[in-house]
Each structure stands twice: as C-alpha cells, then as structure tokens.
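The structure that follows is given in the form of structure tokens.
Letters are used for the chains, namely A, B, C and D, taken in the order the chains are written, and counting of residues starts over at 1 for each.
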Amino acid sequence: MATEAPAAATAAEIQTVVAARLLRAARSVFIGVGRPSTAAILARELYNPDLVLVYESGTIGAKPRRIPLSIGDGELAETAEAVVSVPEMFNYWIGPGRIQVAFLGAAQVDRLGNLNSTVIGDYEHPKTRLPGAGGAPEIALGCPEVIVIAPHDARTFVERLDFLTTVAAPSAVITDLGVLEPDPETKEMTLTRLHPGVEVGTVREATGWDLAVADAVTTTEDPSAEELAALRELIAR
Amino acid sequence: MSDITTLSEAVEELVHDGDTLALEGFTHLIPFAAGHEVIRQGHIELTLVRMTPDLLYDQMIGMGCASGLVFSYGGNPGVGSLHRFRDAIENGWPSALEVEEHSHAGMANRYAASAAGLPMAVMRGYVGTDLMAHTQVEEIECPFTGEKLVAVPALDLDVAIVHAQEADREGNVQLWGIPGVQKEAVLGARRSLVTVERIVERLEPRPGAVVIPGWAVDAVVEAPAGSLPSYSLGITERDNDFYRAWDKLSRDRDEFRAWMDEHVIEGAPA
Amino acid sequence: MSDITTLSEAVEELVHDGDTLALEGFTHLIPFAAGHEVIRQGHIELTLVRMTPDLLYDQMIGMGCASGLVFSYGGNPGVGSLHRFRDAIENGWPSALEVEEHSHAGMANRYAASAAGLPMAVMRGYVGTDLMAHTQVEEIECPFTGEKLVAVPALDLDVAIVHAQEADREGNVQLWGIPGVQKEAVLGARRSLVTVERIVERLEPRPGAVVIPGWAVDAVVEAPAGSLPSYSLGITERDNDFYRAWDKLSRDRDEFRAWMDEHVIEGAPA
Amino acid sequence: MATEAPAAATAAEIQTVVAARLLRAARSVFIGVGRPSTAAILARELYNPDLVLVYESGTIGAKPRRIPLSIGDGELAETAEAVVSVPEMFNYWIGPGRIQVAFLGAAQVDRLGNLNSTVIGDYEHPKTRLPGAGGAPEIALGCPEVIVIAPHDARTFVERLDFLTTVAAPSAVITDLGVLEPDPETKEMTLTRLHPGVEVGTVREATGWDLAVADAVTTTEDPSAEELAALRELIAR
C-alpha cells in the first residue's frame, strides 16, 4: 500500500525544527508558551531526553506530552522534578544562571537583538498596548545563552524599538526565513543562515534596518521526515 | 483562627472602594469566584495588583472596578491580547487606568518584601531597559562589593484574595501544584481572604503543598469550582476553550458587557 | 545529573585544604558521616560555616580541621556548651580559630543571598547590639522610605555538604521534615555533595519535601544512618543520649581524642 | 486510701508556672528549648489549647507531647501545622511580627532587660565563650512582646553586660525569685512581684545593680495542685 508523501515543511515548521536542533546538547532551557515551547518539547522527544524544561510558572524539569496552552497548565506541575514559588524561581534558579538557555519571543527586535514586548507607539499613549515584560528582562540577564524566536517581517525587525523591554544580546535569532547571529566585532545581528528556498533579498526586505549578511551564508538543512513527522504528531496530540 | 463565612459577607467585610487589592494565582488557582463577587458588589476605584492580570482582571477592568493596575504581564496566555485591558489603556474605556508595571522578577520580589514586612527588596535587573524610567525602581549599591543592584519597593496591599484546594474547619489552608506568589500575597496584605474548593475535617498533608495557618488568614470561604476557567490542580481542569473563546467574547464592548451581565451579574450565588 | 559515588571519593574530589565549607542541617539531617570523612582525610585550614556548629563542628574543630568558623549559635542544644569549640576560642587548642559570628536571621539571609547569586541581602536587625561592631554588617538605606536597614554579605562557599533521606539513580534528592537552610547551602556553593540514607528507583513525592534536581548537585553518596547522632525524619531517631554524653566525653582533650580515634578514625567505612 | 501530699513547689517550678500563666490569652509564642519550652507546652495543655508554638527550627504550631531536647526534634516537625525553611521563618514569620510573644533566656540581663548570650569577659579573649546570638536579636526585634526567663543571681543580673547581644525591652523578666517589669517612665526593670516565701532583700542581693522595687509588690499565687501535677507529669514523660 502506497503512503501519501508528507506535505513539504512550512516556514513555521522549519523555524521550530531549527530552534529544536539548537537544544541537542543543552542541559536546560527556559521557555514560554508558543513556538519556543513546541521547539523545546520536540528537542526533548527527538534529540535530548535529559533536557530540563523550565517554565516561569515554577515547574522545573517538566515533561509535557502535549503542547501546553499556558505556562501553568496542570500537566507541567504534575510531571515536573520540582515545583517552586515564583520568587524562588527568579531568585534561586533564573537569577544565578542555573538555566543554561532561554528561548524568548518579542513584538520588536532591534539590530543588537534587544526586545520590545511593552508597547507599539508612545508609552503614555500607545498605539498598541502589548502584554509587557513578564519574565523576559531577568531571564535574559540571568541565563548564560539567549535565543530569540520571532516571525521575520519589517514590523518586528525594526531600526528602533518603541520601548526597550529586554536587553537580550542573543546568540541567535531564529526566524521563519533564516538565522541571525551577532557579528563577533560589532555584535550586530547578521544573517548567517537561510532556510531552504529563501533568498537573501527576501530577508533584507523583511528587516527594518540595513541587514548585514555574513560572507558565507549557509542553508538550513531541510527538516528530516522524522523531524517533520514528530513535530506534526506533537501538534496534533 | 480565620472566620469561615460566605463569599458575599467576606467581600463586603474585607474589600472597600479605593483599596489596593491583589487577587493572585500564577495561571493556576486564580480566584475567579471572589473577583466576580467584587464586581457584583460594584466596588470602584480599586488599584488591582497581579503579576498576570489574565481574564479575571480583564473582566474587572472592563466592568469599571479599577482606577489603577500594577502588573508584569497583561496577556491572555497562549492566546493573545487582553482586550478590556488594552481598551482601558489605549482608549480609557470604561475609565482611565493608571498603570504601574514591573518585570515578573520585580513583582515577585515586591511580594516577598511585603511578606517580610520590609520596605523593599534588592535584586539584579531593569538596568538598561526603558522600564527603569517608567516604574518604581532605584539603583542601590552593595556596601560589600560596590556592585550596583536595584531596589524595588514592597507592595502595599490592603487586601489579598487567593484560591486554594482545601481548608479545615479552623481555617488552615492547603494548596498544591504551582504555588505562584499566593503565600507572599496573603502574608503581605493587611487583610486576606482565601476561597477554597472544599472544607474538610482534617487537612491530609500532600506532596508539594503550601500550608497557611488559619490564624494568618482573615476569612475562608467555600467556593467550589471557584477558580474556573483557571483550575485547581487535582479538582478542576483549566478551561482552555474558554480562554480561547474570551478573545472573541471580549473584543466588543457591548458583547463583553452582555456576557458579564448574563454570566456574572445575574449568575450570583444564592 | 549528579555523580553517584562513594563517600571517600566524593570528599577527595570536592573538598580541599583551605576551602570554605558548609555542612548544613538545622538540628535535623546533620551530615555526620561526611564530616567524619573530612576528618579522616585530614583536611586542614578549613573555614567551617554552619548556623549551629553542633557536635559535628565540635569534633572537626577539636581534630584540627578548622582555621575559621562562621556561625550563629555554638551550643549543644538543650545540653550546654560545646567544649571543643570553647577550648579553641578560649585557649587556641588545637589551633587558633578565627571566628565570624552572626545572628540566625543574618546567617539565613547570607545563605539566601548566596543561593540567589547576589552579593548581599537586606534585613532588619543588628542595630544597637555589639555584634554590629564585631561582624560583617553594614547599614543601608531604603531608597523609597529612607528607613535604615542592614545589609549582610552573601556567604562565599566553596563546598556545601548536606544529608537527605533519599536520592534516585539520577541523583535527584528528596528530603523532608525540618528543611533548615539545606537548599540554600547547596545552591549557594560552587560544589555540592549530598549524602542520603538510601538510593531508590524512583522518588515518591512526600508531603513537606524539598526536592533538589540532580543536575544542581555535584555528587550524591549513599550513607545509611549518615546523620546520626542527629536524625533523618522517618528513618533514624535523634540520639539524645549521645548529645548528653558528649558533654562529658568532650570536656577532656585526651578523652576526646581517644574517642575520636576509636569511633571516627578507626571507624572508617571500607 | 490516703495519697501522699505532693512536695511543695520548687523555685524552678514556680518560675515555669508563672511563665506559663502569662500565655493564658496569647495567640502564639516563640520558644527555644529548656524552661521556656516547658512553660509554653504547659500553657497549651493547661490554659490555652489554641496556643501556637513556634520554634526557630521552622515548626509553626507544633504540638509536642513531651519536652523536646532540641528545637529540631522530630516530634515538632511531625505535629506542626506548617514546617518552613529557616530563611522563611525569620523573613516571613518572625521579622514582620506575626508571632505575638517571644520567650528568651540569656547568660546576662541588664537593668533595661538587654541580654548577653555571646561572651563572659572580653570578646577577643573571652573568659567564657557562650553559644552566641542564635535567633534572639531578630526575635526580640520582631515579636511584639518579649518575656525573659532567667535564674536570679548576681552573675546573671549585671550592672553592665560584657556583650550586648540582644536589645530586648521585655514586658517582664520571670526569675526563680520573682518578676521584674519595666518602670513606665524609666523603662528600668523593677521588682513588681515576689514568689511565695521570697523576701525583697534576697532579690536585691541576687541582683548586680541597685534594684528598683515597685511601691506595691505583689506575691505570686502559689502553683495549684493541678498546675504542679501537670508540670511534674510533663517533665516525667
């Protein structure tokens, strides 16, 4: 019996798989909900069964079987190695840098990888009031490595943040078009990798500043059939 | 020993117009039943304090209870915006909302300072962000190392309301699962109310439980399912569908008001 | 994931002459077996940190392991003096002991600051006492209220050793009963060792338990009865008779040394 | 069958009973080991079953059936309403004044009720090294009411402390001879009550400063047969 070939990977799926691959060797990762959480759960299932997932709700070493809607879902508490109060989470675990990698999202990212999740427009009279800082500022400060995951468009990748919520200095920004990494000298986020089928010009157009491009831009390895199947199965659960 | 009373009596006695009021519960154990009673009693000019305003404060803000909001993350977790929160800040509807925002770490430390009866807490953070200029935070130097840290002020809470799974007849409270900042909120406020899923003869000690002695709480009220659409681990489940549905229900002012009238104002317990 | 190893290997790897070393456990779960191994390995010039030195540090001081002691209450609880502690301070036997003392609240906050990776903690206390002039404490002003508080410096721990009831094969640790400052000690030190009554296949969650993930601990060692004459709640009982007997055993230098030779030096596990 | 009459109360027994009586209406009491602990356990059994006993080991609402040797005995943890870490005990419970009364002891007490539990003699070269501060300084600062319990002799009640460990300002000092209370004006600890059979002169001699005596010194009510029996039975357990 012939099986139907799976649909090609979408940009969002590639972004998620690329983020997951970065956790192959990580000991622990701090995640919020959404794509970062999906990527981390996928990484634990596919590459790194010992990966410690930490949510700011207080669950350390959660082992979710499904993608949680909120960071406080019951399954996270029930499967965690330890559940701690929010003050303990920030003071004893995040602040001293015990969680190795942080996955962060944002509404705006600037050329140094700083983040805005507070307002679009003026603070006192915002055009759009965003949710606000949440845990991000101190997570970025505490965790030794920060990885930003964001959709690549010119509203998000801006020349100037409307509000600087989080000083992030990420080691990588994973978008649905490619990967930006800091230039070793200037620290400016520089295009170093393109996802399959994406052109440099497309990324430039989707970036609100004059995007620096690395001398040797590599191409993301296509998601394997196994990666894609695992991701789709996880989302469908 | 705390008073075991009814929700309407407890809210009448403990909550007054103009109070600074924290209803806490980090995603888990959010005290919806108590917040709805505050709405029904028509309290106004409240300063609402909560790390994650969530749907409950979206409702209270939209119903005109609040003149101030102290918070660190005002979103519908995993879904998107809180539309009543945004409408209040962006358009002043139904009335102007004075906002004081912090990071989660800042809020958590402010709660901890309140519980300790200290005027402030010291931490690392804020430096380099625009938050620094828009909220209450001050640089402070370590007298031993010279390192520049920051201080955040203790929260000054008139009332804290939290929800727990159980209390016994002496009003001793036990909650388990994600503990959030509930203990800090109760210990840090002048007056406190705990609603519980059930009152039991004797608290059976549970793994991971936080126990608050009855003499440290002012009032305990039985409010079964009182945290829905949030949840009480082991007793009720989070109504994720409602969190998603709220995104549509709450976008339009009239639709929001109609929903609240039908489900909260008219839905008062006997 | 922490290494599961033997006591002698773990102490050899983690403890070095001149280290600042905390063996914690507030009356409960005092890591006697590990302390005895430190004595047997002949470590010297240690700065010993512990809120309540108790019999364990009396033994380590009397055996010449320590050049410094950081503490807040140096008595034999309910019995009286610690004679080796007194002999070291009063007479410099077997060697001079540099003392840095705090109150319990000060020590607890110093541990908490270490666990948080902060250089100091802020509290109320010390003011008006003679301790203020004899220890590390500085006045610090609240930038919001102007209140004068005090700051205490974080402990700077090379190694923390604690005892717990259980670990699993991944080195995740669970302890229950009086939790003291053990979590803070482990999280606040550069290196950490946990001795446990037993290693189990799977940690069964317990009421009131503190769980420390294995990846936050360097080494775990099975040491049954390893907290005696202190105790491990639910497994061993405090040997109150020994605490009383120690008062006599430890008064005389020779009698003390003979007892230690017989019961600790010769009593090495295989 | 005739029962033998019980032996008359000793000075130590009277001291313990007087301390226990002060807890008739107390909501909560902070206690160390020794006579304060015995008095508080007695008070809970005799007069005040709702009295909350708090030990600095972290046990809140312990209900010991026997007198513990140490403040960390297993029975205290097993019978407590809540058991907390030492940082939580001092920061969340003692510091903010949640525990109404503190019972403290000391090696030296001065005329204002300040306490020394650190050294006899010079700090750097002590004649006797005492255990040190323990929880006392912040317990005295935090608890709304402090009661000192100490043996009455001139080595203990001194003109000048060798070391000021704890600023106590007690509402009463309960000794084995009588009770001292602060003069409303001068705050000086003043003899206000004598235990049965004790003369003012005896107390003066046992005090290292020129002891002030209240205009109307009352006499401690003799321990009742019930009080004595309960105390002796408790100690014998």
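Rule of thumb we're sticking to: a residue touches a chain if its C-beta (ideal position, glycine included) is under 8 Å from a C-beta of that chain, and two chains touch if they have at least 3 such contacts.
Since this is a predicted model, take the numbers as computed values, not measurements.
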item	value
Which of A-B and A-C has more C-beta contact pairs	A-B
Chain centre separation in whole Å, for chain D relative to chain A (CA means)	59
Rounded Å distance between chain A and chain C, as computed from the means of their C-alpha atoms	41
Rounded Å distance between chain A and chain B, as computed from the means of their C-alpha atoms	28
Junction residues of chain D - those touching two or more other chains	91, 95
Contacts with two or more other chains, residues of chain C listed in rising order	112, 118, 123-124, 183-184, 208
Every chain pair in contact, whichever chains are involved	A-B, A-C, B-C, B-D, C-D
Parts of chain A lying in touch with chain B, wherever the complex brings them together	33-34, 56-59, 68-74, 76-78, 83-87, 89-91, 94-95, 118, 123, 126-138, 141-142, 163-167
Chain A to chain C touching residues, read off their complex	27-28, 50, 52, 60-61, 81-82, 91-92, 95-98
Chain A-facing residues of chain B, complex	26-28, 51-52, 71-75, 77-79, 81-82, 85-86, 89-90, 101-106, 108-109, 111-112, 123-131, 134, 177-181, 183-184, 208, 210, 231, 233, 237-238, 240, 243-244
In the complex with chain C, residue positions of chain B that touch it	118-124, 136, 138-140, 142-145, 147, 149, 151, 153, 205-209
Chain B residues touching chain D - in the complex, by the definition given at the top	1, 112, 115-118, 172, 183-184, 187, 211-213, 215-216
